[in-house]
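The following pair of complexes shares a single chain, chain A, combined with chain B in the former and chain C in the latter.
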Partner chain A sequence: MRQVARRISTYTADVSGVCSALYELGGMVVMHDPSGCNSTYNTHDEPRWYAMDSLIFISGLAEIDAIMGNDDKLIDDVVTAAKQLSPQFVALARTPIPMLNGTDFDAIASVIERKAGIPVFYFPTNGTHSYVYGVGMALEKIADYYTGDGCEEQSDCDADGIRVNLLGVTPLDFSVTGTVESMKELLKEEGFALVSCMAMGSSLEEISQAGWADVNLVVSSVGLPAARLLQKKFGTPYVVGTPVGRFVNQIATDLRTAADTGKSIISCNARPDSVDSKIALIGESVLSGSMAAAISQVHGKAVKVICPLEAEEGLFVPGDVRASEEEELEKILKDMSVIIADPMYRPICPEDAAFYELPHEAFSGRIYRRKIPDFVKILQ
Partner chain B sequence: MLKKIHGLVSELEAAWPISETSYPVPFPSQLEYNSAAHGTWNIVHIGMLIPDAHQIYICTGNCNRGVVLTAAEMNASHRFSTITVKEENILDGDMEELIIDGVTDILEHLDRKPPAVIVFPSCVHRFMGCDIPMVYRVLRSRYPDIYFVEGYMDCILQKAGITPDQRLRRELYSCLEAQPLNSKSVNIIGNTLRVDKDCELVELVGRAGCELKQISACKTFEEYLSMGESYLNLTLLPVGKIPAETLKERLGMKHLYLPQCFGYEEIAGYLELLAKELQVAPLDVKERMERCEAALQKAKEVIGDTPIVIDYTAIPRPLGLARLLLEHGFSVIRVYADSFIPDEEEDFRWLQAHNPQLMIYSTIHVKMRVLPRIIETKVLAIGQKAAYFTGTPYFVNMVEGGGLYGFSGICKMAELMTEAFLEEKDTEDLIKRKGLGCESCI
Partner chain C sequence: MIKIAVYGKGGIGKSTTVSNLAAAFAEKGFTVMQIGCDPKADSTVSLLHGESMTTVLELVRSRKNDFTLEDMVKVGYQGVLCVEAGGPSPGMGCAGRGIIAALDKLKEKGAYDIYQPDVVIYDVLGDVVCGGFSMPMRGGYADKVLIITSGENMAIHAAANIAMAVENFKDRGYATLGGLILNRRNVKREEEKVQELAEDVHSTVIGSLNHSELVLDAEEMHKTVLEAFSDSEMAEEYRFLASQVAEICGLEW
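Our next item is the complex of A and B:
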């Protein structure tokens, strides 16, 4: 593999994933980077940048500081900014150059924490992984730190119904076109009580109550690390699946079952195997699997999920494929008659295949945002 | 509406009266905020100026994403490819092979070979000591009919030495070859936007019977190559100086630095210099100064005492424009700039002495993220960042000088200010688009 993308886009990377996950939580995220990461993030990965404040900055790493190992500048700058802006926490995200020169972030985080007097989290991103890794790591850390040891008195979580956290919610998978609101509304309609949504529309205070949920709903693979953490910490089972169209009934049933039995359920692979399928769906594993399930329910056809991102085998059915290289994808797609994918995949799709646009913010950014559907409301 | 999730902070440290501002860097280097105004050109936009050239970026996914989507948003994905650096490449040290094989693969799969390829290694290659000259030697021997232009996306040099933007503007002309110089051909070097055809500079070049060439006007690669015959290069922006000096050394072309500015005497001096070089009669600058006076007066009658804010992305000399406007009775209250170029020193000192209350605002200071982006009264902004930070729909949508020049440039600026004052714009929609002047599909 030559790691070449001749015609297609590139997925949002881990650094932006950290920023996206922490965007609404009142912290200050610092990408330790010379330049560019910030602009890429706020232009192509972050639809909230114009209308919603968030303290996300770059350190402006200079060559001389990188070579001489001048970590004091980063420490001083972060502490100064923290004192000026009073964030709830500081998050440090690594980028390629600090990885290359072996910057000791654990030590830096420790010094900043002592000087600034607020929690400091370090995320070992390096720009070579996708957002799945970055978001996953960030949500797991937040879920761990802010839910405490799980022994606190239950406060305002006495809501009626089965209590649920939504895990893995960022604009990178769901954009800002209504899906997040619809998922929350759906849970309410189905009689569930939402404890927190990680991490859109919930405060740190709400997230700190996450341990009181009866079950967690993982709507994107980025929520899996947090789900496992909460299971380990509080014994909370989780359901993996996105409420897409008609598939919402399955999700609701699985949530009740999981809450009742305490056993986790992978819902997104509850669909026919796709070995012989000529219908391809390219995207993130959980959302794509759930959509494939919804298509199967509505149209009676098996769909082959092609996942170009990090994902676990257990999320797929036989016939699904994990592939990320353009050349590899092109070979798989040439045998397909129907392709559902982000429009930026179209150049590598066979001309005689029917192509259905399914824009993904983490692939084409803002270009096709207007066409990103409310996933709850499609495929009814 | 802006949703605030943080408390209010004071603007202290993010803004100073010019009387208390240090020159040329008003604010210390700290963490940096990147505003939502994206109209300035980046290296992708600049690289697209070479007609039919193909760009190839080699970096981690994180860096590639910004550039691949820049190309896509300007409907130029067909002229753009990437090679992704993975963790194992960094550990295995096979970076040269990755680039050579990747570029070869891309070229072999293109429908037709481009006349030029701009290759962009990145910071990781610099830090790993990657043998980039060897990479180019191999590629040039493999594809002798293709010009390989040496780009670099090494953002780590943003604060020292030559920046990626400056380097690319220099390399943009590297395909031009030595040839007999033509005394009837003149280039403008370093501009990304076409220079206004009505300006005195264009008029003088025309009077001398010379053809004026600029890369932004070249439709074909051959047209671009023909810039190599010009005997004279004119640079109107500070970023043009390095490429023009490089061409002077490499191809023996003359270079005149005639920067865009707003002082009558300074403009007159540059026009006189150009007339002398071109051996044509000097222009009647008095008459043109009177036209400027009339245009500014007319604009003042409409705009009145409305507060005006200016940013450095609109024009490289915001202090010069602020001074001109203040001298003509306009109410300039703020200039947004993180540093000033050497050409601005005289205007800086003048403003300190005559308008010490003028406020200088940073655009990247962390506090700029949370300071209110609204002014209660009507504000006229010149530049996208100035519009963004004041929340005004009344703004001159311009980057990099807008191609304006000379006395006619002042008259046009006055017209643009009047037009901006009278007509509301959709600020968010306009400023979030990248590369003002390029296509935008969003």
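Our next item is the complex of A and C:
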């Protein structure tokens, strides 16, 4: 049966991706939906929900309002809430029902912007894409809107060492189990200066300085649209790779090279071809490629990355596979002897293969969170 | 590039008028694109000599995204670029959502960037019955809405509804009302009633067309009046109307 997940989970959708990317930035995110997208997000996709406040709303789109085209209810509710809560911005995320209705969000956003007097961003999510798409466009929008031509106060941007932005940081890839803090610490130890982290632990003010970075580090494919935007706007090169275990040395070297030459580097494909490999690693392209590189450095074995999410060809090596459908994945996995994947992939893995659990928040939510490693500290 | 959306009661003569206007603009040397926004997909029939064409939605249904811009466009009389949005079978699906999908697809395939038409005319189904039929007047599509009406009460009622829809959207950055076109049916007090409507909706009658048997004769021939009876007074009326439309849209005639 095609396009059906019968025994495995599915990845966090684009709507939650937008919410996750913007969670810490002081904005007000509104999912325009009857209700459902909100509980999926706060129950399964957002580990910060109970630990950190954020203005995340569901519009409560009613059947009669959808039928009657009563967009004014959404507009009035958002404007009223925005005036009471004074968020930095409003983000409107589309969901399947307004997508099917053809709701004109561009017009709604411009009306709200005029009435509320704050920036309003519209994200054309529809629930059928993965978080990679949603986070990607949200970070790109923030990077575009809040970075000017550069900071006026040069002293604010002066720092010892090469200045770096971390791009593509959300709990959906890294959870809240230490990786984000470790990545920041590592950069410091290696002599880099962190300008901003998009988008965990950085304010909009810090993000507005992002144009001053010498190089950007894209730690998940969700950061690529923002990296390209910053390259276009400021000429900043980027390095694509996650600092996983022993692979951090490669990342540090590539960051220095990219900052020096101005040329971007895809680090996560600096690893052996995986054509004949029987070791499979399932996950997001950049983190998985980086982990495969670390495994290869530590154990001398090539690893086949299987990516079920949106990803670009250039992030892979020959032998890697992009496959998202359960049947297709099962067929590929039956030839593998070692499988590293989220535990919810186990039902489609061959019984005689050695299975190593690598939980992914965007696939299994909180269920296995305590087993999600600090990626910087493994595979030393 | 000027972009116009033409609305009006069903059967009032929108497609006939739009096709003749398109031919008049094209005769003058402008590159014209006429986009039929009606599931019946018959807006451009007189420019195409009665030939049917594959609609945008039929292409999407049968080939998903595996088709080109050229597959959606057929060149008609005087080089007018003809497009039909299409839609579901009567009584099925959602025609309004179809218009949104078709116009999105046309934009996605680069219709406006690649052909760079001087004049785009959206010929829209009868009334603004749902959000989909307001798509041609949304931001990024038409700049001006023209409403065709006669002096018949139902036509005036429909025209008033359309004008109200345009008014309702004024804070959304949508197209503005360019004016009314009187297509005479020779009913009593026709001029006066349409003039009253124009005042009620704070607009003007930008042009008028006389009732002429030549229009039906040309239609029988599957041609525009400008092609079938090029030297007729009716053809001249369409040419003059085109010049008035150009003027309100800021296009040098």
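Please note the rule applied: the second predicted complex is superposed on the first by the 373 of 380 C-alpha atoms of A that agree within 3 Å, B and C clash if a C-alpha of one lies under 4 Å from a C-alpha of the other, contacts with A are read in each partner's own complex, and residues count from 1 in each chain.
Assume contacts are C-beta pairs under 8 Å (C-beta built on N, C-alpha and C of every residue); 3 or more make two chains touch, one makes a residue touch a chain.
All values reported here derive from a predicted model rather than from experimental measurement.
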Answer with first, second, both or neither: which of chain B and chain C does A:Gly283 touch in the superposed model? neither
Which partner does A:Leu55 reach: the first (chain B), the second (chain C), both, or neither? first
Who does A:Pro243 touch here: chain B (first), chain C (second), both, or neither? neither
Does the superposition put A:Glu24 against chain B (first), chain C (second), both, or neither? first
Under the stated touch criterion, which partner chain does A:Arg114 make contact with: chain B (first), chain C (second), both, or neither? second
Touching partner for A:Asn101 - first (chain B), second (chain C), both, neither: both
Partner contacting more residues of chain A (chain B vs chain C): B
Looking at A:Gly69, would you say it contacts chain B, chain C, both, or neither? Reply first, second, both or neither. second
Overlapping contact positions on chain A, where the chain C interface meets the chain B interface: 100-101
Would you pull the chain B residues touching chain A in the complex into a rising list? 1-7, 9, 13, 29-34, 36, 38, 42, 59-66, 68-69, 72-73, 77-78, 81-87, 89-90, 98, 101-102, 105-106, 109-110, 122-124, 127-128, 153, 155-160, 366-367, 369-370, 428, 432, 434, 441-442
Where on chain A is chain C touching in the complex? 69, 100-104, 106-108, 110-111, 114
Residues of chain A touching chain B in the complex: 2-7, 9-16, 24, 26, 30, 33-40, 42-45, 49-55, 57-64, 66, 77-78, 80-81, 84-87, 95-97, 99-101, 126-130, 344, 347, 364-367
In their complex, what parts of chain C are in touch with chain A? 96-97, 100-101, 130-132, 134-135, 138-140, 169, 171-174
